[in-house]
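In the two assemblies presented below, chain A is common to both, partnered first by chain B and then by chain C.
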Partner chain A sequence: MTKELSFNVTRWIIFTLIALAIIIPVIISDRIPLPDTSSKVVKNIYDKIESLAEGSPILISVDFDPSSDEELRPMIKGLLRHAFRKNLRVIGMTIWDAAAGGTLIDIFNEMAKENNKQDKIDYAIMPFKPGGSSILMLISQDFYQGYPNDYKNNNCKDLTVFKGIKSLKDIKFAICVSAGQAVDTWIIYGKEKGKMPLGAGCTGVMATDYYPFLQSGQLVGLMGGLGAAAQYETLIQHKDTAHKSMKPQTVVHAMIILLIIVGNIIYFLGKKKN
Partner chain B sequence: MQSVTTTQVIEVWIAVGCTLLIYSFLYKDNPLFKLGEYLYVGLTAGWGLCTAWFMVVWPDLLLPLSRVIKSYFVSNVKLESNDTILLVIPLILGIFMLTRLSAKISWLSRYTFAFIIGSFSGMSIPLMISADLFKQIEPTLKSCWGTDVTIIQAINTLIILIGVIAVLIYFFFSLEHKGVIKSIARTGIFYMMIAFGAAFGYTVMARESLAIGRMTKLVKWASADYYYASIVLFFLVAIIILLWELLRKRESANPDNQAS
Partner chain C sequence: MDRLLNGSAFFLAIAAGFLPSIILWFKDVPKDAEPVKWLGFLPLITGLNEGSPLFWIFLNAMSPFMATMFSLIGFFIASAAFRAFRARSIEATLLLLSALIIMLGQIPLGQMIWQGIPDTMVWIFNVPTTGAKRAILFGIAMGTIAFSLRIIFGIERGYLGGGKDAK
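Let's look at the complex of A and B:
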């Protein structure tokens, strides 16, 4: 009983400390400094978009649902801000059914409004189609076989944004931002068949899985987790939610390191006593 | 100050309510958490069904098929590029999948599975071997010297090469891990420990990001613009859990209940 009580008390102390380490920095986030740095793998994506000529078509695959929104939405927003600022033509799509409604359409429309871009001319949103790998193979041969219409049921061939695009091979840069297996699907099917340069954004949990694909050149760059999103915001000089969230993140990291050290000290002291 | 519409206020109250229902698990498993959990499962299933119907089954299958069938009877039906009678095949295969609900005719679903497995294997195997195997072997076997290779690149290549060999040997069980093999296998363990550490660090960061995102919104929604949604609902959830605890304690203290 005493052991159980002690475990519960310790648990509650940890919960409270973590909660405070999040809430207090959230309230006073403006006073916490954060260095303006970016890693090479994130900068590679920035450089790739920066190198594209005005009007070049790029494709962004939004493959996450609201449960990963906090981590991945800032990435998409950063990418869209950058692309729209460069006057690139952007095609939005998803191979994840849960992203089909709110997530994909919501972010694209929000960013288009912010940057005064027009649907059908500067950007287009594709409806969800099932069978991720099959759809990627299909659009790598003929884009309009996979997507004859956009999500508003306009014929894609008639839209200005699709001028000069026949298949994935005509896309100058594709990037998949995913909370699941969509990046793998894009590497295996999209990249292998479409041969276009591919970048990826993913949750922190998955980031280490994709580093080998950077070494092999299958990925141009990689954004892993909120930290990478904050770095991208720094690169495009538009600090937004990711940057703000990284401040509490720094405090929580320090708190976790402290808790690990304290936990180890208590463990070894207890061992010595026994 | 940014004006907030009534719809936004309602949305925020629902969002805060659902967040707190799920977070109530931090106390312990309770009926409010269960309610949140069931709501999530139900909504996800409903969303999936609606997406499948309105974005796939209706526009890509039933609507084109109805146009094709209609065109056989009415002359002025305008067909679109992807409209074909061949859509009957996926329709039949799809219906076969539903036969799993009946034990008598569930064998029909095997045709659909056979089609899916066969076509998917045919499409995937060559591409997977190319993307996941050949293209991954390439950087492992890169040259460590040459005019275009910097010292850092050479060191990186060596680190990768040693890591791949060491980890492969660790998982090679046909030889007893003794002597040189043991040393190499131990190097493999170090590599894996570093990989696990990096993965764990990233995982912690990811979970924190989600908590920070939610907390940021809960703090924002605690303002007067949203009628103090976070504060009001926090206390409401706390009171309900407290009442539930009291009720539970009273029930367990009741001798009739204990006997039963």
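Let's look at the complex of A and C:
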């Protein structure tokens, strides 16, 4: 009984500490400094977009649902801001069903409004099609077989944004931002068939999975987690949600490290006593 | 002809999957949640187009609900890390140190403490993790080939459901 009580008390103390570690940095966000640096893998994506000529078509695959929205939305926002600033043509699509309705359309419309870009001319959003890998194989041969119409049912071939695009091979840069297996699907079926340069964005815990693909050159660059999104915001000189969210994340990480150290001290003291 | 095939496939899918699920769902919903079950029909009426009521629900209800559920993991990870992450052996200590370096490397604090922490994190990702990952994938591939050969040559017959191997 005492052991159970102690377990519950410790658990609630930890929960309270974590809650405070999130709430306080959110309130005093402006007083916490963050260094303006970026890692090589994030900068590679920035450099790739920076190297593209005005009007070049790029493709962004938004493959996550609201559960990873806080971590991955800042990446898409940063990429779109950068692309729109460079006057690139952007095609948005998804192979993740839960991203199809709100997430994809919402982010693109928000960024287009902010950057005064027009649907059908500067960007286009593709509807969700089930199949994942099959869709990528199809668009790597003929884009209009996979997507004859955009999400508003306009004929893709008639849209200005698709000028000169026949298949994935004509896309100058594609990036998949995903919270699941979509990056793997893009590497296997998109990159290998389309031969276009491919970048990836993923949650922090998934980043480890994609380092072998960076070494092999199958990925140009990688954005892993909110920290990478904040680095991208630094590179495009537009500090937004990723920077704000990094502050509570920094404090929570420090809190967890502290808890691990305290837990180990208690463990070793108990061991010595026994 | 294509339309006829598509239509038939659609009705087959409805009959095979959708209707039984709906019947089961109606049976399982508790009586005090009666009004909620009708919400499931909303997409059929409104669709998920931009500006539709369901689009609004997706942005203002579904998104915060899913984000909240996912965020709760953070609290349990902290509690579990405090209780279970112990340096009990050399292997556990190595894992613990790697985890600490990666956690620090992911946040600006790591860089503030020592410039080398983010570089060490990248080294952990690039060398030991990638090496181990490749070894595991290679092992899986070799195992799959070996097992396939056993099946092709009839050494492995357990999958047929009979014989000595099946016992």
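Heads up, the rule we're going with is that the second predicted complex is superposed on the first by the 274 of 274 C-alpha atoms of A that agree within 3 Å, B and C clash if a C-alpha of one lies under 4 Å from a C-alpha of the other, contacts with A are read in each partner's own complex, and residues count from 1 in each chain.
Definition applied: a contact is a pair of C-beta atoms (placed from the backbone, for glycine too) under 8 Å apart; a residue touches a chain by one contact, two chains touch by 3 or more.
All values reported here derive from a predicted model rather than from experimental measurement.
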Which superposed partner A:201 touches (first chain B, second chain C, both, neither): neither
First, second, both or neither for A:70, with chain B first and chain C second: both
Touching partner for A:57 - first (chain B), second (chain C), both, neither: neither
Which of chain B and chain C A:264 touches, first, second, both or neither: second
Contacts of A:249 with chain B and chain C, given as first, second, both or neither: both
Which of chain B and chain C A:180 touches, first, second, both or neither: neither
First, second, both or neither for A:190, with chain B first and chain C second: neither
Chain B versus chain C as contact partner of A:15, first or second or both or neither: both
Which superposed partner A:221 touches (first chain B, second chain C, both, neither): neither
Shared chain A surface residues [contacts with chain B and with chain C]: 15, 18-19, 67-70, 100-101, 204, 207-208, 212, 215, 225, 227, 249, 252-253, 256
Contacting residues of chain A [partner chain C, same complex]: 10-11, 14-15, 17-19, 34-35, 37, 39-40, 65-70, 100-103, 105-106, 109, 204, 207-209, 211-212, 215, 225, 227, 246, 249-250, 252-257, 259-260, 262-264, 267
In the complex with chain B, residue positions of chain A that touch it: 15, 18-19, 22-23, 26-27, 67-71, 97-98, 100-101, 127-130, 133-134, 137, 144-145, 148, 153, 187-189, 191-193, 203-208, 212, 215-218, 224-227, 241, 244-245, 248-249, 252-253, 256
Complex contact set, residues of chain C against chain A: 48, 50, 54-55, 58-59, 62-67, 69-71, 74-75, 77-79, 81-83, 85-87, 96, 99-100, 103-104, 106-109, 111-112, 118, 122, 125-126, 129-130, 133-134
Residues on chain B engaged by chain A in the complex (per definition of touch): 26, 44, 47-48, 51-52, 55-56, 59-60, 80-82, 120, 123-124, 127-128, 130-132, 135-136, 138-139, 160, 195, 198-199, 202-206, 208-216, 219
